[in-house]
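Sharing a structure, written as structure tokens. Questions coming.
Chain lettering (A, B, C and D) follows the sequence in which the chains are written, and residue indices restart at 1 in each chain.
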Amino acid sequence: MAYVVSDGNHTLRVEASRLEVRPHDELFQMEIDGKKKIISISRISPAHLSIIIDGKSFNVEVEHFEKDYQVSTRGEVYNFSVVDEREVTTSSEQSDSGEKVIKAPMPGLVVEIFVSEGDQVQAGDTLLVLEAMKMQNEIAAPASGIILNVSVKSGATVNSGDDLLVLDI
Amino acid sequence: MEINRILIANRGEIAVRIARACYEMDITSVAVFSEADRSAKHVRYADEAYEIGPPPSGQSYLVIEKIIEIAVKSNCQAIHPGYGFLAENPLLPEACSKAGLIFIGPSHQAMALLGNKTEARKLMKKAGIPIIPGVMEPLATADEAASAAETIGYPVLLKATAGGGGKGVRVVESPEKLKSAFERAQAEALSAFGNSDIYLEKFLVKPRHIEMQILADEHGNIIHLNERECSVQRRYQKLVEESPSCIVDEDLRRRMGVAAIEAIRVSGYTNAGTVEFLVDSDRKFFFLEVNARLQVEHPVTELITGVDLVKEQIKIASGERLSLKQKDIGINGAAIECRISAEDPETFLPSVGLIRELIEPSGPGIRVESGIAEEYDVSVYYDPLLSKVIAWGKDREEAIARMLRALNEYKIKGVKTTIPFHRRVLVNKAFVSGNYDTGIVSQIEHTETEDHLEIAAIAAAIVAMTDEQVKFTSNAQKTEAWKLSGRIYGGIRSIGW
Amino acid sequence: MEINRILIANRGEIAVRIARACYEMDITSVAVFSEADRSAKHVRYADEAYEIGPPPSGQSYLVIEKIIEIAVKSNCQAIHPGYGFLAENPLLPEACSKAGLIFIGPSHQAMALLGNKTEARKLMKKAGIPIIPGVMEPLATADEAASAAETIGYPVLLKATAGGGGKGVRVVESPEKLKSAFERAQAEALSAFGNSDIYLEKFLVKPRHIEMQILADEHGNIIHLNERECSVQRRYQKLVEESPSCIVDEDLRRRMGVAAIEAIRVSGYTNAGTVEFLVDSDRKFFFLEVNARLQVEHPVTELITGVDLVKEQIKIASGERLSLKQKDIGINGAAIECRISAEDPETFLPSVGLIRELIEPSGPGIRVESGIAEEYDVSVYYDPLLSKVIAWGKDREEAIARMLRALNEYKIKGVKTTIPFHRRVLVNKAFVSGNYDTGIVSQIEHTETEDHLEIAAIAAAIVAMTDEQVKFTSNAQKTEAWKLSGRIYGGIRSIGW
Amino acid sequence: MAYVVSDGNHTLRVEASRLEVRPHDELFQMEIDGKKKIISISRISPAHLSIIIDGKSFNVEVEHFEKDYQVSTRGEVYNFSVVDEREVTTSSEQSDSGEKVIKAPMPGLVVEIFVSEGDQVQAGDTLLVLEAMKMQNEIAAPASGIILNVSVKSGATVNSGDDLLVLDI
């Protein structure tokens, strides 16, 4: 299996095949950007791997939601997208102009909304206030544009990732 | 009066901290919990536990009548409020004395006096303690605030008179931003404290936030337990605290100690309390406020003095005289605390979810005060503070090295935490040098590292490959009755980011 | 010579302890592991880790050539042996110096001298340090032992000359039991140390076991770091240790300190070491032996002195002068350690199995040194010591209260542990009074309690009822690939008791 | 469901029925030796229960192997047998004389065996030596009698619970 792992700045091609399942670990043959390595993996828990590679020992924590991975090791945190190589060629590119959906960055209560459909806003303008964990958080416009749609009402409870507004930029 | 049963009117790590002190003193601890907290650590830790209402704190942890009722029914002699919630609400000590209960904290009169920040400033000014220029009365409207700000000069600081913990606080750099900030501060103050009063003071540029820990018994004895440096703040919320402070020498410590003891004396304050000061670049100090409660950061003081502040609080509340004299209080080594919150370490946005894996640090010099456990659900209802790590070292350098080790050992899976932020603070040059101020957080950048990029990519690919090969059947889901879902599905489903 | 890479020739909690010190000193830690230890905590904690052989220690952790080979290949400058395994085998320091590696411990000459208990006793006798009457030469046969015992008078003690840690030790009350005991001691000594030599000494009735911690640099500076009381023993295996000792006053401490420093001086010993004494009911002390290594119980000394002994070991090994003088060493409060072993708390029989749930204690004054984690497999191959809990208090009473709290918080599911035994020690009247001797363990009874019988019965019935209703399908077993079996099946299948 | 719970000294009849499954706990109606109680259970993990009963909060740990239960709470440890009431009446009593099988109390290596078939032994005599975790453990005769059978050989590895010898007492 080969995967394309990208953190936005770097894209790595990682090919992995399981060589051997042993009582206390599994051996994998890895090829990363052309370099071949044999590594030992012990999966301590679903999110927690012990990796030994060339004698170096790493505790690595991996959490993911679909293709979005967060990987931590030795105090460093990486946010990756991980895609099966076979899928890469068929995936289309996302546009970065036009409609921009502003999503709730956290669960909370919509305290106040400052804009309505059709309003012209500048980048940085406060669009609405979301209260969570007793803090009032101002949600600002990521770019200048026109409000196409307001998806929530004042007083509503939203979950992380829920649509708040749509902005035409 | 001997205290042998205490109701803890709080939750999270501080409720566990108080229950631990009770255990060591052979006192029965009685917890209260909202419906959402049935399995929380403080409920499991306490000897007794009573449900107090629905999840929102306004219907549970903030309802004085319910707390008093449970305390009376369960035969408690005393209530410990912890910090936050009702800790600085004078109605609780007042209700306690009406019900014949001991409130482990100051009298309601002293609390009311100090809780009104403008009254407190007037009192301290009269007592000769330096204060920051500002308006002493609550401001009725944004316009009133605007004219006061013009007189004092920008930048100014808006603060809730009933405030604390960074809530209802806004710094305003220029006149056009005042109105919106004033309204936000009012709304936040109302939501957090049930009181929307806001006052205003001069905003000191790059001050250090240094506070003195006090113990005062009911017989007129007052001592201080050295300073805590709390300048690592974001939005007036402390993130890292340490003791001793790098800029406080023997002479400054003595002078701030005298001022702090005087502030406590003139306000008729008893029990544990903290006198907060801002210290400017000339090492002049200004009274800020008295925190009329045990503070989040009290463990750093405990580690360098050997004094258990919660036990001292209970002894004072039971009428005992302080067994400690000022000369008994020394400084042994150095201690640092990092507050671990369920927040994104870049944006500080809250993160909620189920704690799926938890490995806490330990070993030489490390103490953890935690309110969480595996399978604990971090909800939107309460403060995001999950736990605190406190490191002790023979000197500050050793304390920093141990804290870095502890942060490296600490694994909390299921929610995002501020652990990566704290690592950046601890290696920040200004922090390491000790020469920093309250502006330090804005200078701490997220430096992209590539050292372990390849290993991280390999791990991600291994997990992607393995998880594709493991197919769960619907049968396995039946074990959800045991709430094992977090563990079983942890690798392929993520909640909280 | 600066040390920046250290190979840790050990496993379990002590390997983690040493790796933690390396982390704090910015030294790369290199672990070795047997096949059975691939997922062990010390392997995951270290920066690098190399497999060293099959599970039996004779084929892995005890193979000097392999350890030296890995140290050289991985560019280490030094080897830390921990305790146990090769820690007191002079062949390791000898092999180190041949390979150009630093051994973090004494020279092989000093170790060989002190490792031979009969030679050590002769040396101390010559230096004027009081010793216990006994035979100074290894005994060739049981008959030889019998005649020596007749001369000295029963009871006598058989001890391995290469010994330590209670292995190869037997007390013999009467002549008819000598032969069997002698043979058992020889066999145990051979198995544990590769050397079956046994010597014999007078068995003191009800002595206290008190030892002095020493640091000695390579420039002739020697200091002691107070005593440790280690009288809570079973079969010469220490179970609970504390510092300071209740019977050691300033004068006795000074005199034992002088004797200990002299013992170290005459043996040309460097690095950290411990001089063990027996103290009789008249508070006369007798030299027992020198433990030529870091000891299991070193943390109690660290907590009352603030000195990190592992860091000091590394600094001494790199040729530094001691930065501490005798006058810098004080006593701050009191500390107690409990050794938590995978053993039945009544019979002390070993218990093996998978750690299915682990909750470690923390909070004020509590330190844990642990070699285990959830999903860790406690195997039959190694010492049953899982972890150590160390409690600090401003006085002994507070340290005991905190230890009881910590033992109450500590949850290790999957194997039986000695935690219930330790609880009984800590509430034992003789222990609490401080007036106890090495016979204390035999007086600690398992008192049947009925306080929570009903609640326990209710919990058992609930589990019985719930587990009958939960049926696992064979599909769920497929997830065993993730080693989740312990967690998933934990409630209905038990391994280890 | 009703269970008979016994620790050797005490035997309790415990009847349990589930009243309600709530989001954060379950309520049970319990009857223990005739007394009725309503309790709240939150199962933190398979082996770890939080019980609130009359306001008292207990962390209880329960491990079991078939009908043998080990229950710990507030530092106390109880060893119970838990039997469904319907099974109690049909179970027969065990004899405590006659053949006594001596089982390995722990996994280990049989280092030496001191007795053979037909030997007469006294209570307390050492029968064999089992080495585990580097300690030599002497296995003694629990009572006087005659060795009927020796099930292991010197040098053998045994698991906990394996038969070692059979003694006729």
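A few points about this structure:
FYI, a contact is a pair of C-beta atoms (placed from the backbone, for glycine too) under 8 Å apart; a residue touches a chain by one contact, two chains touch by 3 or more.
Owing to the predicted nature of the structure, the values given are computational and were not obtained by experimental measurement.
Shared contact partners of chain A and chain D, listed by label, are B, C.
Chain pairs A-B and B-D differ in how many C-beta pairs are in contact, and the one with more is A-B. Of all chains, the one whose Cα centroid sits at the greatest distance from that of chain D is A.
We define each chain's centre as the mean of its Cα atoms; on that basis chain C and chain D are separated by 30 Å. Centre-to-centre, using mean CA coordinates, chain B is 39 Å away from chain C.
Averaging C-alpha coordinates per chain places the centre of chain B 47 Å away from that of chain D. Shared interface positions of chain B, i.e. residues touching 2 or more other chains, are given as 373, 408, 482, 484, 487-488, 491.
Among the residues of chain A, those touching two or more other chains are numbered 43, 45-46, 56.
The part of chain A that touches chain B in the complex is made up of residues 1, 3, 5, 7, 9-10, 12, 14-16, 28, 30, 32, 39, 41, 43, 45-49, 51, 53, 56, 58, 60-65, 69-78, 80, 82, 84, 105-108, 111-112, 126, 129, 131-138, 160. Put simply, chain A touches chain C in their complex at residues 23-25, 40, 42-46, 50, 52, 55-57, 59. For chain C in complex with chain D, the residues that touch the partner chain are 167, 180, 184, 187-188, 191-192, 342, 345, 347, 349-352, 356-357, 380-384, 407-408, 411, 413, 420, 423, 448-466, 468, 487-494, 496-497. If you check the complex, the residues on chain C that touch chain B are 16-17, 20-21, 23-26, 299, 302, 306-308, 332-333, 359-360, 362-370, 373, 394, 398, 401-402, 404-405, 408, 466, 470-473, 475-476, 478-479, 481-482, 484, 487-488, 491. Of all residues in chain B, those touching chain D in their complex are 30-31, 35-39, 43-50, 74, 373-375, 482-484.
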